[in-house]
Amino acid sequence: MTAPATPAPAARPAPAQRRDVAPLLLVPLLALAALPLIGDLSTWITLTAAGLAMGMIIFIIASGLTLVFGLMDVLNFGHGAFISVGAYAAAVLAPSLSGLTQTDSLVLNIVALLALIALAMAVTGALGYAFERIIIMPVYGQHLKQILVTVGGLIVAEQLIIAVFGPVQIALPLPAAFRGSIVFGDVAIERYRVIAVAVGLVVFAAMLLVLGRTKIGLLIRAGVENGEMVEALGYHIRRLFVGVFIAGSALAGLGGVMWGFYREALTPAMGMDVMVLVFIVVVIGGLGSVGGCFIGALLVAVTANYTGFLAPKLALGSNILLMALILLWRSRGLYPVAKR
Amino acid sequence: MKLLRAILSGDPPRGRVLTMVLLAILLGLALAPWLFPGTASLNVAAKISYFVVLAASYDLLLGYTGIVSFAHTMFFGIGGYGAGLALFNLGPSWSSILVGTAAALVLAVALALIIGLFSLRVRALFFAMITLAVASAFSILASQLSAITGGEDGRTFRLPEALRPGFHLDAGPVALNGRIIAYYLVFLASLILFLAMLRVVNSPFGRVLQAIRENEFRAEALGYRTVVYRSIANCLAAAAATLAGVLSAIWLRYTGPAVTLSFDVMLDVLLMVVIGGMGTLYGAVIGATIFVLAETYLQSLMAIISHATAGLPLVPLVFHPDRWLLWLGVLFVLSVYFFPFGIVGRLARR
Amino acid sequence: MSSDTAPLLTLTGVNTHIGPYHILQGVDFAVPRGSLTMLLGRNGAGKTTTLRTIMGLWHASAGAVRFDGADITAWATPDIAQAGIAYVPENMGIFADLTVRDNLLLAARSGPIDETRLRWIFGLFPALERFWSLAAGVLSGGQKQMLSIARAIIEPRRLFLIDEPTKGLAPAIIANMIEAFRELKKNPDTTILVVEQNFLFAKSLGDAVAVMDNGRVVHAGAMAALAEDRGLQQRLLGLSLDQHQ
């Protein structure tokens, strides 16, 4: 007999593993379909790169939101505030790191970026803890109050940012080595977009690793699917949830830093401005699904970029159209989470 | 007395304090041109009037059916643009207003129906997200189609002659100008719309809505098609919001995304309804009045506090006149926790 | 600690409301230590609600649930589980997105899976070994039921609450289940409470029996006594054995 940890391969043919690949093909297919319409390869590459960068940032922001929702049925409309707070936290620290950001050394710039990200995540994570305890905990399970109270939290947070930093936009200049483009022949890709894609991929990989390989991750996935059963196995899902909420808020802070550098300017409402996109992504991906969220984010951003080029007037409405199409195809999103 | 009860659809405000406050608001609005002369205060009174309609129509959804929609200002905007663009393109006549209003109503009800059928079956959170997305798309659309809508700048237009400031009517002892006539048009239309909504919520239809809110499962079991009822409520609320938008356009002689479609207006309405009191239309009256007054006058009060505390750290910052919304936000959160029936719920107890 | 002869689990006057509905209306019964107790009754009698109330998934509005002397009525579900109660819900509660292995890994709360015990489980349910690294969602209904029971027994527990283990299963798999329960019962420290509709299954395994109707326990006693008394079966369960093969 084989060791239980590595059992013998299936003697009889295993039941077909229903790997649902159709959604995975959406982004590549869309990109391929857009190529002849755009016509010019270098423009297409530029647009696709920009879309992927934007999509990664949205994914970072949306992933926390979708997990928080999946685990406890909590939809935090205040999530947008964490984006702004993260960006502003970075803007506060950035001047004191000017030694690192002004030099043209990529390594030092990355160190500075990581320091800013760490600070932003610490601040928004702590804020997330306070938000969960003060704003959300009293209204668990009451959807109406939950929506209202998180919107209230959003208003208060946004106003506090205005109180401290003023209503006007403030600049967040990119570190020196992140500026400009990488040029291959006649194709130019902005450096910061490459950085954003890299950061997004690291976050996605880390999430997959945590969710797939660690016990905490398994518990989160199990809890999204059937929280009651997780409790019946002897785990306190509320404690798990607080952890996920803090992590989700910290991710929003990370997304805020990336988004702030992307725009190189911060406004108090910048978080709420992205939230519409984030909600669309979460709905498209299937509420509670990290994988769906990833595909949804890329899809939304790439679509917006292509339509922005092909039919500028439709660009911002294209997301709604995309959402409607996806929901017509799969009414509960790309990867609906099996619920109880 | 009997007549009064009939006008209020048998649902008069409960409690003496509440009645007095509402009466004061009614009288204040009815006599605003004479009690508070001046352009600024007349603007405040008119804004209160049509925001009462907007807030009450939102409460029809939020308070009476428990649906959270973020697309309500979209309907408000449709009304504003409908009347505004008709006046702009077809000339300043009464028939333009009618045409614009009718077109806006048709569009609004059709949209409300589509959104409702598409997403009212699903859960509250999903509906909230979908409406948020649709509303933002609509607002972007309105800015993008600048050839028609005037884009971000919106459209300024002229009203029919009788409503222009230059128009004078000598009606015996009182001299009316066009601005005052316009005010009374807005005020009376708002009053009628409010009473009409009061009638709706006190009709058998309104009682079913409340039954659905209390226990959807049970209402369904009793044989009520909850989706149908919710869709109708959604359409009615949309129609009322559209008419509020028409009134705002008439008063402002302007329509644009910032005053009708923006998410900020949506948040304002949410604040009004929750602070005033959900699930009672009188709450919308109180909420809209407090909000518009706060928007206008709280700032001066806060300026005084801010100056008085100038030496302290952070305090003057938080009491800066521009921070009035911060305080309303805090009040909003506290209302949700501690006064689920808002100010009306507090007052009605006395 | 109470004495070894006291029942492991006692319900006294338990009332449970779900929303506006009054489901349990004063449930009284006890589960003796080391026994396999069958909880029978028609659909809607309140059997599942009884298990859920014991587990803390619904909270009793009146009455008391005592486990080994401790009043667990108001405890949170995870604390009840940690006290040594394992639960197999009616819908099996499988985590479909997780592999068979990960399902069992989560059930083994106190650390890595004990290999000897896992081999024992593979002996009971060979399919689990075959599909070890597949997503649990692709398993057949019977295999899911096996996984759900395996999850409950992956570590030693003091009480097992199992809701309709034979629901919708083919006869061959039911036979497998009966074997598994016999194996489980060999350990004298194992106490099991099973909700069942299948009378044959109940008869072949049960030591004690409680019958519920309208949110109350209307009969409690030895399984053997009920198995022999057709009149009582007819009256309590409305069944004649002819209907059950």
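For clarity, chains are labelled A, B and C in written order, and residue numbers in each chain start from 1.
Everything that follows uses one rule, which is that a contact is a pair of C-beta atoms (placed from the backbone, for glycine too) under 8 Å apart; a residue touches a chain by one contact, two chains touch by 3 or more.
In this text, all values refer to a predicted model and were calculated from it rather than measured experimentally.
Engineer: Would you identify the chain whose Cα-based centre sits farthest away from the centre of chain A?
Structural biologist: Farthest from chain A by mean C-alpha position: C.
Engineer: Find the most central chain, measuring centrality by the gap between its CA centroid and the centroid of all protein CA atoms shown.
Structural biologist: Chain nearest the centroid of all protein C-alpha atoms: A.
Engineer: Whole-Å distance, chain A centre to chain B centre, using C-alpha means?
Structural biologist: Whole-Å distance between the two chain centres: 35.
Engineer: Go ahead and note the Å separation of the Cα centroids belonging to chain B and chain C.
Structural biologist: Here the centre of chain C sits 56 Å away from the centre of chain B.
Engineer: Nearest whole angstrom, what separates the Cα centre of chain A from the Cα centre of chain C?
Structural biologist: 42
Engineer: Please give the residue numbers of chain A that touch chain C in the complex, ascending.
Structural biologist: Against chain C, the touching part of chain A is residues 1, 3-5, 7-8, 10-12, 14-18, 215, 218-219, 221-222, 225-226, 228-237, 337-338, 340.
Engineer: Under the definition above, what is the set of chain A residues touching chain B in their complex?
Structural biologist: Going through chain A, the ones touching chain B are 69, 73, 75, 77, 135, 138-139, 143-145, 147-149, 151-153, 155-156, 159-160, 162-164, 167, 272, 275-276, 279-280, 282-283, 287, 313, 316-317, 319-320, 323.
Engineer: Within the complex, which stretch of chain C touches chain A?
Structural biologist: Answer in residue numbers: 55, 57, 76-78, 81-82, 87, 89, 91, 93, 95-98, 102, 105-107, 109, 113, 115, 118-119, 122, 129-135, 137-140, 151.
Engineer: Applying the document's contact rule, which stretches of chain B touch chain A when the two form their complex?
Structural biologist: Checking each residue of chain B against chain A gives 62, 66, 68, 123-126, 128-130, 132-134, 136-137, 140-141, 144-145, 263, 267, 270-271, 274, 317-318, 320, 322-323, 325-326, 328-330, 332-333, 336-337, 340.
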